[in-house]
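Order of writing sets the chain letters: A, B, C and D. Residues in each chain are counted from 1.
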Amino acid sequence: MQAFEKLMMLDRRWIFLLLIVVCVFTYVFDFSIPILTEPETEAIYNFVDSLPPGDIVFIAIDYDPNNMAELHPMTYAVVEHCWRKELKIIFTSLSQNGPGMVDQALRDLSDSLAQDRTYNGVEFKGREIVRGVDYTFLGYKPYYAIVILGMGQNFRLPFSNDYYGTPLDSIPMMQGVFNYDQCAGVIDLSGGNITDAWISYGQGRFGFPLFLGLTGVMTAQYYPYLGSGQVKGIMGGLLGAAQYEELADNPGRAKDGMRIQLSAHLVIILFIVMGNIGFFASKRRLSKEGGA
Amino acid sequence: MKRQAPFALVFIFGIFMVIQFFVPHETSENAYEFLLDWIIIIGIFALALGIWSLFKVSTEKIKNRKEASEYSYITLIGLFVMMAFGFTQRTGESWGLYFIWILLCCACIVALMTMRASVDQGKKRMWAIGALVTLVGAIVVAIFDDAWQFYFTDPQGFENTMFRAFFDYVMMPILATMFALLAFFIASAAYRAFRARNVMASLLLLAALLVMSRFNPYLPFAEYVAKASNWLMNVPNLAAQRAIVVGIGLGIVGTALKVILGIERGYMGKG
Amino acid sequence: MKLQLLLLSLLILMFCVPVGAQEDSAMVDSLAVDSLAALPVPAPVTDIGLSDLPNDHGHAVVVEWTPSTDDGSGLANVVGYQINYGLSKDGPLDSVGFVPSASGSYEHVGSKDENDRTYIPDHTDLYYRVDVKTVDGRLLVSAEVAGPVQSSGQWYNTGRTAVLIAVALFSFLTIFYVQQAKAGKELYIRPIGGIEAVDDAIGRATEMGRPILYVLGLGTAADVATIASFTILGRVAKRVAEYQTPIMVPTYDPIVMTVAQEVVKSSYMDAGRPDDYDEDSVHFVTQSQFAYVAAVNGMMLRERPATCVYMGKFFAESLLLAETGSVAGSIQISGTDEIAQIPFFIVACDYTLIGEELYAASAYLGREPKLLGSLKAQDWGKGLFVVLSIIGIILANFGVESFGALFEVAD
Amino acid sequence: MKRSTYLVFGGVVVLFALSWIFKSSVLEDGVYSNVWEAFKVTLAAFLTLAIFSFLYKDNPLYKFAEHLYVGISAAYWMCLAFWSTVVGNFIPRTFESLSAAFKQPYQPSSWDILGIPGNIIYIIPVLLGIMLLMRLSSKYGWLSRWPLAFIVGTTAGLNFVRYLRSDFVAQVSSTFVPLLGTPDSVSVWSSFDLNATGPVVALLSNWVIFIGVFSGLVYFFFSKEHTGWFGRTSKVGIWVLMITFGASFGYTVMGRISLLVGRITYLFGDWLGIVQS
C-alpha cells in the first residue's frame, strides 16, 4: 500500500527528468509514429494528387517568421507534392515578411526535388526546378484585400513583374494565364486575417476551390466554412502539417515535431494516471481503515 | 487638503474621460491624446524611481550581508554595463580602450559597494581610495579615447553592436528558457492537481485528458476524440468565456466607477 | 494520309516552337496586350453624392456614387474606382483612394494634423471626382466633378448612445445601492472561497514566522485589475502589520511600485505601526516579464514565504510563479481577470478568484457596506444581460434582426 | 559564499572555456569573428543550462543568471524608454534647442493659448513627474499622490466606458442565436457531424452556448444566496467553467512543449552541433 502513496507524492523532479529524457530522446533518435489523418487534410491532399501534370496551383504564403514553426512544414509538404506531380505553382506572399519564407522554401525544395525519391510506392526521378517554368513567385504587395480582388481580374494588375523583376508576360508558364480561372485551386497558408480576405474577397467573388493551412489556435474558428462549402479543406497547425506529410509519405519537420509532442503528452498523461491510481488506492485504504 | 485633493483630481479626470468618449470633436480628441501622453511622461519619472529602488535594494542587500547578497554585484554590474552600451557608440572601426573603460567603471562600482558593506574603518578607506582611482581612470579614458563617444546626438539609439549582442545572446536565451520551463511546470502541475477528488476536479481532469489525447493515433475512437475536443474548444469554451468576459467587464466598470466617485480609496491606502 | 499527318505535325511544330523560344514570347504578350487594349470603354459613374462623415472629429468626407453600368454587368471590365479630391472645382485633383469594383462609397478620412500629408481642412469647400479603372489598367477620367462639401467635427457621437444609456443606468444603480447601504440596509454577499482563505493564510504565516509574498502581476496602474489588487493589498498589509509578519511586494512596473508603497505605508499607519514599515519591502525588480519572474521565483525559494498572493494581471508567467510557490511549500491564493491564465491558477493554486470574483474581493475584504453596494449593481447588470439575451434569442428565432442593431456601437 | 559554490563556478568556467575553444575551432571564416561568435553561442548555451538547472533546485548558477538578467533587462528597458519616449517623443515637442542637440525634428504645436505655444502644456506632466520624485523626501512625500491620482483617475474613466462597451453592450447581441431551428434544418438527421457544422450539432451547440452563458453568469451572482434552483444553476455554471478550464489547459500543453523543443534545438543543434536542424 505504501507504493500507492508514493505514486501520489512523487517528487516533481522525476517528472522533469522523464520529460526531458523523453523529449531529447525523441528529438535525437528518429523513429516514426502513425499519424491519424482527418478528412479536412485529406481533401487538400486528394485535390493536389488528382490534378494532371501541367495544371497550375496557386499557393499563398501569408505568414511571418513567428508562425514559421507550424506553417513552414505545410509549405514544404504541399509544394514538394505539387512538384513531384509536375504541377506548376504561382506563389504570392501578402504578408510583409512572407517573401523571405518563400525564398527559403524555394531554395530548400529545389535541392530536395533534384534527388530521386519514392513516395507512396511511386518512384519519382529527380529534376531541376526552373523558375518561370515550374513556378512563378509574384511577391508581396500591401493591401491584401485589393490585391486578391485585382488578381481575380488579372494577375498583371497588382503584379506587372514577378518578385525577381521579370515581366509576367515574358514568363513561359504565365502565357495564357490571366487570373484564378486558369488555376486549379488556391491554397492559402496563413497565420492571420488574410485568410478572411481569401474567403470573402477571393472565394466569395471568384468561386475558385479554396484550401487553408492555419495555425493551431486559428483552426477551430474556420471549421464553419468547411460546412458551408466555402473552404474545401483545412490543415490545422503542426498536426495538419504532419497529416499532410503522412498522406504524401514524405515525413518532415511536422512529423518530427508531432513525435516529440506525442511522447511528451504521453509522459504527462502517464503521470496524471499514476497520480489518480495512487489517489484512489490510498482513498480506498483510508475508507477501509475507517470502516474497521 | 493633503488627503482630499488627490481624490478630487481622480474625480475630475475620471469624469472628463467618460465625457470624452461621447464627444468625437477635435478638441476632445486632442485633450485625450494629451492626457495619454502625460501618463507616458510621468512613467519616465517613475522609471527613474524604479531604477533607484532596484539600486537601493541591491546595495542594502550587500550592506546587510543578506543571503546571496554577492549576486547583487552581478545585478548592478549588468545594470551599469547595459546602460553604458545604450548610451555610447563606436565612432570608428576599432573599439579602442572602450572595454578598459567598461572594466574600470565596473571596478569602481564594486569598490563603492564593498565600501558601503565593510564595517572596518580602515577597509572602508581603502575601498574608497580604490573607487576614486578607478573613477579617475575611467574619466581619463573617456576623455582621451576617440574610438567611441557618448552619443546624445544619434536619434537611432541602439547602434551599439554590444547592446544588440547582449540582447540577443544574454536576454533572449534566458527569456526563451524561462518560457520553456513552462513545459516542465505544466507537466508537474497536471500531475499534482489533476486528481478526481470531486465532481469539479474530475470534470477538469477529463476535459484536459480528452484534449491532450486529440492527436493520439494509438487510441480507440481516435477520430472522435479529435472531433470532440475540437467541439469542446469551440462551443462550451465560447460560452464560458462569454460569461467570464461579461462578469469581468462589469467588475471593471463597477470598480472604475467606485474609484471615480471616491467610494473606493483602497488604492491610496485608505480603506 | 501520311502526307496529311506530316503536314499536321509540321503545323503543330510551327506553333509549339515559338512558345518555348525566348524572343518570340514577346510576340505572344503583345498579342495579349492588344486584345486587352481592344476592350471598349466602360460607362462612367453617376450620381456622386458628398456628405460630411458623421460622428467624427472632422477632416473626413463620405463620397457615394452609383457604380458604372459596366461594373459586373454589361462590358464587365471595371476593376475599381479611384477617388480624387481637391480644393477647387477647376484646379488639379489629387488621388486619395482606390476601391475595388462593385463598391459605391468611400470614406475619405484625413489627418487633423496640418503638417500631415493627408490633412483635410475643415469648414472649407472640397471637390471630388470618381474615375473608373479598367481590367487592363487604364484610368478613365470622369468628367463630373462633384462638390462643394465641407467637413466638420461633431460634439456628440450618436453611434454611442447605447453606451451612454448603459453608463447612466449603471451609475444610477451603483449610487442607489451605495446610498441604501449607507442608510444601513443589510446586503447579502455570498461567500467567496479565496477571500475567506486570506485571513487564515496570514495567520499561518505568523505562526510559522515566515513572510508573505504579494505579487501584483504585470499590469500597469492603468489596469483596473491592478487597482482592485491595490485594494486587496491594502487589507492584507493592514492585517500583516497587526500580526507583525513581514510582507514582500516585488513589482514589475515603477508606477505600480510607487502606488503599492503608498498603499502599504498607509496600511501600516492605519494599523498603528508606522515604524514597522520598511520602504524596501515594496521594491521594483525590472520591466521585463521573464526577468521579473526569474527574480520572484528565486525570492520564493530563498525566503520561503508561507503564503503567496497573486492578484492582478498575469500572462504566461502565471504557472511559473504558482508552481515555484508550491515547491516552496506556500499556501497560494490567486485572482486574475486574464481569462487565458485562469486555468493555470486553478490547477496550481489553493484558491483562485475567477474573473469578476477578483473585483468582488476588493469590496468583500473590507466588509464596508458602501463598497458592497456596487456589487449589487453589478448583479443587476448581469440580470439585465440575461434578460436582453433572452429577448434577443426569441426575436432571432422569429427572424427579427433589428433588435441586435440596438447594441451596435460606432467606433 | 560557500566553498562548494566556488567549486561549482570554477568547474563551469573550465567547461565554458573548453566549449568556447572547441566551438571556435569548428566555426569557419575570419579569425576575429569566429572566436567572438563562438563566445556568444557558448554563453547563450550556458545561460540556457543555468536556467534549466533551476528545475533541480535553486543553485549558484541560477542565481548568477537571474541576477544578471534582472540587471541587464532593467537597463535595457531604461535605455529603450529614454531613447523612444524622452528623445523620440517628449523632447521634439517641447524644446527646440534640445531636439536639435538630439538631431530630432522639432515639432511645434499647431495651436496656442493666448500667444503661448501649445507645447507649454507638456510642462504639466513634467511637474507631475517631479512631484512623483518628491516621494524620496519625507517632508513633501504627500505630493507624490497627485500624479498617482491623475493616472488612476484618467485610466479609471477610460476603462469605465470602454469596458462597458466592449464587455457588456457589444456582448449582448452576440448571444442572439436561434435555439429552435435554423432556416435550413430540413435535413436535420441526415448530416449528423461532430464538427459543429451539421444543423443538429449547430443547434445543439447554440443551446450549449446559451445554457453555458446563462449558468456561468448565475455563478457570478454575488448578492443572492446560491440555494434551490439558483444554486443548482450556479453549479452547472461552475461545471461548464471547469470543463473549459481543463480543455484550455490540455490545449496549451502542445505549445509549451514546442518552446522546450526550441531550446533543445538550440542546445543540440546550434551549440553542440549533434543534430542538424
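We take it that contacts are C-beta pairs under 8 Å (C-beta built on N, C-alpha and C of every residue); 3 or more make two chains touch, one makes a residue touch a chain.
Since the model is a prediction, treat every value here as computed from it, not as a measurement.
Using the contact threshold fixed earlier, the set of chains in contact with both chain B and chain D is A, C. Among the remaining chains, A is positioned farthest from chain D, on the basis of C-alpha centroids. With centres taken as mean C-alpha coordinates, the chain found closest to the middle of all protein C-alpha atoms is D.
Remark: among chain pairs C-D and B-C, B-C carries the greater number of C-beta contacts. Averaging Cα coordinates per chain places chain C and chain D 15 Å apart.
One inter-chain figure worth recording: chain B and chain C are separated by 22 Å, centre to centre, where each centre is the mean of the chain's CA atoms.
Centres computed as Cα averages put chain A at a distance of 35 Å from chain B. Each chain gets one centre point, the mean of its Cα atoms, and the points for chain A and chain C are 29 Å apart. Of all residues in chain C, those touching 2 or more other chains are 160, 163, 167, 170, 222, 224, 227, 255, 258-259, 262, 285-288, 290-291, 294, 298, 302, 342, 344, 346-347, 354-356, 360, 375, 378, 381-382, 385, listed in ascending order.
Multi-chain contact residues of chain B, defined as those touching 2 or more other chains: 18, 21, 39, 42-43, 46-51, 54, 68, 171, 174, 178-179, 181-184, 186, 188, 190, 192, 194, 204-205, 208-209, 212, 230, 233-234, 241, 244-248, 250, 252-253, 255-257, 259, 267-268. Shared contact sites, meaning residues of chain D that touch two or more other chains, fall at 51, 54-55, 63, 65-66, 69-70, 72-74, 76-77, 132, 135, 145, 148, 151-152, 155-156, 158-161, 163-164, 168, 171, 175, 195-196, 210, 213, 217, 220, 241-242, 245-246, 248-249, 252-253, 257, 260, 262. Interface residues of chain D, counted against chain C in their complex, comprise 51, 54, 57-58, 62-63, 65-66, 69-70, 72-74, 76-77, 107, 110, 132, 135, 144-145, 148, 151-152, 155-156, 158-161, 163-165, 168-173, 175-181, 183, 210, 213-214, 217, 220-226, 241-242, 245-246, 248-249, 252.
Listing the residues of chain A that touch chain D in their complex gives 13, 16, 20, 23-24, 27-28, 69, 216, 223-224, 226-228, 237-238, 257, 260-261, 264-265, 268.
Chain A makes touch with chain B in their complex at residues 8, 10, 12, 15-16, 19-20, 23, 33-36, 38, 219-221, 223, 239, 258, 261-262, 264-269, 271-272, 274-276, 279-280.
The residues of chain B lying in touch with chain A in their complex are 183-184, 186-188, 190-192, 194-197, 205, 208-209, 212-213, 215-218, 222-223, 226, 230, 233-234. Residue ranges of chain B in contact with chain C, taken from their complex: 18, 21-29, 39, 42-43, 46-51, 53-54, 56-57, 60, 67-68, 171, 174-175, 178-179, 181-182, 185-186, 188-190, 192-194, 204, 241, 244-248, 250-259, 261, 263-264, 266-271.
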